[in-house]
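A, B, C and D label the chains in the order they appear, each numbered from 1.
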Amino acid sequence: MLLTGFDPFDGEPLNPSWETVHALHGARIAGHRVAAAQLPTEFGRSLVELRRAIAAHRPALVLAVGQAGGRSRISIERVAINVDDARIPDNAGLQPVDRPIVADGPTAYFSTLPIKAMLAALQRAGIPAEISQTAGTYVCNHVFYGLMHQTARRRGVRAGFVHIPYLPEQAVRHRDAPSMAREDVLRALRLLVRVALTTREDARIAAGATA
Amino acid sequence: MLLTGFDPFDGEPLNPSWETVHALHGARIAGHRVAAAQLPTEFGRSLVELRRAIAAHRPALVLAVGQAGGRSRISIERVAINVDDARIPDNAGLQPVDRPIVADGPTAYFSTLPIKAMLAALQRAGIPAEISQTAGTYVCNHVFYGLMHQTARRRGVRAGFVHIPYLPEQAVRHRDAPSMAREDVLRALRLLVRVALTTREDARIAAGATA
Amino acid sequence: MLLTGFDPFDGEPLNPSWETVHALHGARIAGHRVAAAQLPTEFGRSLVELRRAIAAHRPALVLAVGQAGGRSRISIERVAINVDDARIPDNAGLQPVDRPIVADGPTAYFSTLPIKAMLAALQRAGIPAEISQTAGTYVCNHVFYGLMHQTARRRGVRAGFVHIPYLPEQAVRHRDAPSMAREDVLRALRLLVRVALTTREDARIAAGATA
Amino acid sequence: MLLTGFDPFDGEPLNPSWETVHALHGARIAGHRVAAAQLPTEFGRSLVELRRAIAAHRPALVLAVGQAGGRSRISIERVAINVDDARIPDNAGLQPVDRPIVADGPTAYFSTLPIKAMLAALQRAGIPAEISQTAGTYVCNHVFYGLMHQTARRRGVRAGFVHIPYLPEQAVRHRDAPSMAREDVLRALRLLVRVALTTREDARIAAGATA
């Protein structure tokens, strides 16, 4: 299976997604070997690198991971939307506004992962988690949408996206931002991968938002 | 043009969307007469009532409005997704979980309103506003999705959704919840309708979210 | 009675405390004439100006008002503490750190206003309000402490401090900051002054914080 | 030195303060042995137990620790105020409103710990921390005030209070509440004790609040 993380952006010294994802490179989970790949926080190159990694590893499962500064818990994304709208420039200086990611692509893709079973597994393990209804409109959503588009016609490939909080050492520099310890994020990622690999039918658990 | 609001839900004594929308019933904005219709906060009947109101008024513009308790500003929604996931039962006692709104419908619809021009107009008028990337997974998103589906093939009909904060008298009973004065919401709705009726090409203004 | 407000600070174009306080100058409330005085957002001069205003008006009630950007409701302050600790320089460029306001002064003063009766009056009027346990450590707390110290030995003079949110036009420029309409703040200030002038015994209403 | 924590309250299955404080019982830090004592979350008995623990251990340093559900970081308290105002009943069912803790006591006590040096040490270690200007008006502030009052005349005894976030397993059950890993809280407490024991002159670092 393939895990992806990003390089640092927005002035951060590190990106917690790559910090944790790369630590799982080579691990075996539920009989699958984990391959970790770093994607650049760039609208242009991120999906090229993702396609290359998928071609190289031919994974049955792809879980892309990104930083969500300001969120307090593991945020399992439900849906990717076909638009880039960048509040800040990406690492290559690009700042697309209201541009489709794939010109004739569908408006959105739902995650094909068992997101409710994944949520329940984290909560049972004492790790704060939530279903998120938006992955934003920056490079994270861009990669999530591109990932779903690239794997949409590959039979047997499941894919999805998870946002994670700042690490504590990042939150030191942000007034009042929550964070999650590296060990808890790692524990969460291992669990998420295991549940995604071993769950056929998703659980039916209410985890929506009224607004 | 048609403005819709909801009846109260979640224990509230009123719904700010109906409080403000019904006050605009009969007004003339940019040469169009405003018709206000109340929708029930029910997954079942809301779209039936919406279809009836659209058939009755044959509007060129439909703006649906809903309450977003906890949000601090006028929240112009970008996208409706094809799923119901109710955290709490609706006013008829129904609580669908992960059920598509339209069985074979597309995963999502984008608003067809000039959301960035609408955002800019509110900000110029000194009214706090934002683009929102999620209308939730409750009756508001249900109506937003249904609205876009019902109007998708009607030429010349534009449609979208706006969430509004609690009124001050509601926020009194919620620890630390923000609110917006009735007069400011009314002023905002008038402006939104005017801009939606008079703007062909949307503005290009970055207003996305990194996550 | 004397109402005080501040001039703008921290890059804001206006200060909602002065915007609203000065609009009440000359009003009669419960048989008392309101005098409004502007204080500079400066550790040095603010208390000099306050002393001058108190000497000029000899008020039976002094209510000082300040801006609390980020708070969502009228915040009736309970206690002033004897320390300056400025996160940002004041309008004269001064930034004291952990310096007592009055060298031999008591560690703190409680407001001598009927804060719970004031809270209840606002809530009955549908205006979001709260008791606050801290006025910060900047010029607002500095003035609050100085006010209580200056009036401590004046028989029959009651005094206190109230923080108010941003006005909507300020909140436009602050991502996700709450605000309160000018009319609601004015209505709140009138009520607060009336209750402070006419209430002998404070109400006994729980309005504390667990942390 | 003496570390105190509380038993669970407000429906929680555990109190992170006691979970972490008791794990340090018997440890040696900077040449001092740590004694951990549990205090009941009761206005009545907490200060009796505290007096007993101080009499038993005759500590040179007392650090009281409490849970602050909703805070995202280690919160070093600056000041204790002489009032109980309970939003919820304590564990014995008592709910005092606006009652002084010590009838003729001073309005407030400042912590006698080097709070800025403690803050800087945590931040250098990559642990999110802040100076807090209020410990609330519940049992935590009650114990903090009582602690300062009991030790006020004991030469060479320093004392203070620190609030800590929920543990991750608690935050699972609170929508959107931040948390801190047990290991990070333990690391923080050890550092705080070490700095408090070894620092004579506090650092001069701005860490105040504008409101």
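Note that in this section a contact is a pair of C-beta atoms (placed from the backbone, for glycine too) under 8 Å apart; a residue touches a chain by one contact, two chains touch by 3 or more.
Keep in mind it's a predicted model, so treat the numbers as computed, not measured.
Undergrad: Same or different: do the copies chain A and chain D touch each other through matching residue numbers, with over half of them shared?
TA: Same-residue interface.
Undergrad: Chain C to chain D: how many Å between their CA centres?
TA: A distance of 29 Å separates the two centres.
Undergrad: Give, as an integer number of Å, the spacing between the C-alpha centres of chain C and chain B.
TA: 37
Undergrad: Could you state the distance in Å from the CA-based centre of chain A to that of chain C?
TA: Spacing between the chain centres: roughly 46 Å.
Undergrad: Which chain C residues touch at least two other chains?
TA: In chain C, no residue touches two or more other chains.
Undergrad: Would you identify the shape of the chain contact graph, picking one of line, ring, star, complete or other?
TA: If you draw each chain as a dot and join those that touch, you get a single closed ring.
Undergrad: Using the touch definition from the top, list the residues of chain D that touch chain C in their complex.
TA: Listed in rising order, the residues of chain D that touch chain C are 10, 66-71, 75, 78-79, 81, 83-88, 95, 97-98, 106-110, 116, 131, 133-138, 140, 163, 202, 204-211.
Undergrad: Hey, which residues of chain A end up touching chain D in the complex?
TA: 72-73, 123, 126-130, 168-169, 171-172, 176-181, 183-184
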